[in-house]
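Two complexes, one shared chain (subunit A), two partners (subunit B, subunit C).
And now, the complex of A and B:
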């Protein structure tokens, strides 16, 4: 029953990846910025929580504080970097390069402070194993699935049922029109990047609980998440989440035939297939 | 003296890479973080042919260049057909995939340990063994590359590329094939990167995956950004300045364990600062 275990592992990593994907999709659909530095925010969340837990801060409080710091970092990046570039009418390429620069800064500050070795969370409960039949899951994995699904539901509720969520969707679909109706797009952008950064902090803390921390470990999850977003159809939160789960499941099942070090190849293969046959994504809204 | 020579040789190799990145990022306006991967393919190919003693240096270099042209066309073509942002995903994907191949395809690449003992090059039967001879070889290569770049930018093809950067829609409306021009620029970038790989491999007589990873791609991008986009002067200035940076850093007393992270951190800061305050670089044109 190896495949069953792999399937469940895929669902676990997939749900965490799905949260990364919806956070990125939220930012990308609204600001149209390909926010590469998001991978840095994701990584930073884990390291912050690790530091706090190591200094004796209760686990839940550490998670909340990490989320808070990432929210602030996201707002800072939008307000001090992207908004400035926007005022200078910088091209898309310039914004991308600046974002890549921000990613390099965040990652290497982490590497300089914590060294680039893998760190494990000092929380014994997370690796305790629960056995259901032949399936083995640890508490970190169970928590990841539960909180990720909650985060997905919360984001859906936020985007469709709250005033702020509706304002964000209005700006996303047409910033000029939104400006006429007295919505200030630049303010909304700061809020969106802040919220996206808060959301991504959740998997940023949960995934390393199980797998450990690495300063440059954020790029591959972000890449997979962006592939899920594109394959799901830009602008669709559900699409991004479902496709992230799907890709992670495929990736895990592929371990039956392909060694793990090639899993980036499997992900990329899925992307190429989508580019060739369905470039607008599965869940794309009619335009 | 040897120290100065090897600085010059490496800088000249990176000038070729700078020209390559400049063609892709500065001139065709394609964001790329996978130039180091193409550089690596060139380096490994030349290393392979010389170590197997199946080909001389010049034919091996030619094959590496052609292979990298094909690779760059394959990479750019599908992504350019869809949307600019998807190319970011392709680019990150290619880079991570290439690192996986360099590290895990142990039979061909020596894995993480790399390939030691690459024989010195020969030019039409004349072996290049001393560092002094190597300086001449690389200077000639850089001069040919620079001249080709300069002539090309003056030719109608160069003007077409400039026009695309100014207003892509207008160029398309004037009946020019934008896609073909961009792919040609990418192909040429491949040729430059591939041959740079050949010089790099034979000069160091050793290649390993760490020279061709994402960090290396970020370094290449920083060189073009600091030097300046779209000009020959910028492509020459950037590599010479940035390769001097590690030497300057050795004067400052920082522990060797974080030296690499500090270097990358500085590259990131440079990317952000130049994008914010001087997007044209030191000697370039508007990005």
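And now, the complex of A and C:
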């Protein structure tokens, strides 16, 4: 039953990646900014929670405070960096470079404050094992799946059922038209980056609960999430989430037939072929 | 005309006196600081090891300088951060050698050391490695000296021990870099020679902490023993192994001796080879007082390597030779036997030192037996 455990492990990893993907998709589809610094926000969330837990703050409160801090950081990045650059008519490339700079600053500050060591959360419950038949999962993995699916469902509800969600979709669809209807796109951009940062803080804390913290550990999840977003169809929250889960499951199951070092290469090769046949993404029509 | 001749004479006298003073003066003025280099990972996934290596060197140098240095010369070590990356290491090497004119460099990690080895040969710069163990390091350059045995030496000891214990079917988890691939190749060669069989092998990336897919695949091969050759991320590894509740033994090299992993209850029962090097209690206490951390294996290794260099520099200065890479190299092999934290002999570029087989038990790393590998 190795395949079953690999499948479940893929679902765990994929659900966390899925949340990164929907948060990035939400920001990109609305602001059109390739927000690379999102990887820094993701990483910072884990370190903030680690600091709080290490100082005796209850685990749930630490998670909520980390989410709150990341929300503020996201709003700050949009308001003080991207908005300023847009006012000065900076090109997309300049904004991308600024975002890369912000990522480097966040990573270096984390490395300077916390060192580059791999840090483990001082929460013994997270590594306790639950056995279901032949499956063996720890609490960190179970929590990751449950909260990630809830985060996806919550994001879908927010985007489609709330006024703010509809306003965001309106700005994403046509910012000029939205401005005519007094939606103030710049205000919406700040809100959407803040919300995206809050969402990404969730896997930012849950994944290190299981695998530990590294200052430069946010880039690979963001890269995979970006590919999931594009393959899923830019603007589709469901597309980004499903494709992220699909990539992680495929990477895990591919080990049954190929060596591990080929897994990433083969998985992404399949996606390159897929994109050749469906360049707009799998869920493009669902927008 | 006379004036011109006088000027020429005066110029000739100045040139002659300058040349003579150069020939007659000692190899180095007594108060001149001797600068050495160190290229280690001080950031990135290898930083925990690199920082301890840096401390080991600096601790030895500070002690020597506090006593007046080596024959009146203060010793300064210039540290460069290579992030354990070969390309960054080459840039750092050139910077230290061409700009700072250092005659020797402390190095660590196999990939970076192998990348710098041809430069060391060409520029005659002595490189001392006290942390990396790829077999390729033993013959990479006549100027690359290793103060610990290669992975091959450790693998030979472990392969023999495992077969003696009846663990004859093995799977291998290795890091996909110079150190991991070298260790994997050694095990693939030496374990069957000792009477064992290899069932499966899987690679992971340096710094990766999700080992579950690879571990599941290897466990499916139903080995008696899982042989691990990775250099970072030991705590997640032992926790994920514990989660699997494996029915096989887990064995590894010196790389497994991460203090955090040893302290984790999940590591109970893991065995590994260990290059033996102990520090006296008073030395360990002084180190802890200074840095707030225990003097771990890597700090002890680099402290020992720094002591070797201090001995070699002392001998070079005694013989009134300039402190060049070539002279340091030749003098090291002329001395050959060193009594630092452990007795060490250089019959080749790689030192002969004792190797132990240790078992992690209740937060301690207990030595089961000890052998000396050539």
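Operating definition for what follows: the second predicted complex is superposed on the first by the 270 of 287 C-alpha atoms of A that agree within 3 Å, B and C clash if a C-alpha of one lies under 4 Å from a C-alpha of the other, contacts with A are read in each partner's own complex, and residues count from 1 in each chain.
The rule is simple: contacts are C-beta pairs under 8 Å (C-beta built on N, C-alpha and C of every residue); 3 or more make two chains touch, one makes a residue touch a chain.
In this text the structure is predicted, and so the values were computed from the model without any measurement.
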Superposed partners subunit B and subunit C on subunit A - clash or fit: clash
Contacts of A:261 with subunit B and subunit C, given as first, second, both or neither: both
Which of subunit B and subunit C A:146 touches, first, second, both or neither: neither
Subunit B versus subunit C as contact partner of A:72, first or second or both or neither: neither
Which of subunit B and subunit C A:164 touches, first, second, both or neither: neither
First (subunit B), second (subunit C), both or neither touched by A:276: first
Which superposed partner A:115 touches (first subunit B, second subunit C, both, neither): both
First, second, both or neither for A:101, with subunit B first and subunit C second: first
Subunit B versus subunit C as contact partner of A:2, first or second or both or neither: second
Touched partner set for A:93, first subunit B, second subunit C, both or neither: first
Partner, of subunit C and subunit B, that touches more residues belonging to subunit A: B
Clash with subunit C, by subunit B stretch, listed 42-50, 60-68, 168-176 or 204-212: 204-212
Residues of subunit A that lie at the interface with subunit B and also at the interface with subunit C: 111, 115-116, 216, 259, 261
In the complex with subunit C, residue positions of subunit A that touch it: 2, 5-6, 9, 13, 111, 115-118, 120, 127, 129, 136, 138, 211-212, 214, 216, 251-252, 255-256, 259-261, 263
Partner subunit A, residues of subunit B touching it in the complex: 25, 29, 31, 33, 78-79, 82-86, 88-90, 92-94, 96-97, 100, 103-104, 214, 218, 221, 225, 257-258, 260-262, 264-265, 267-272, 275-276, 279, 287
Footprint of subunit B on subunit A - complex, ascending: 28, 34, 36, 81, 84-85, 88, 90-98, 100-105, 107-109, 111-112, 115-116, 215-216, 219-220, 223, 226-227, 230, 259, 261-262, 264-265, 267-268, 271-272, 275-276, 279
Interfacial residue positions of subunit C with respect to subunit A in the complex: 43-45, 47-48, 51, 176, 201-204, 207, 209-210, 212-214, 216-217, 219-220, 232-233, 235-236, 239, 242-245, 260, 266
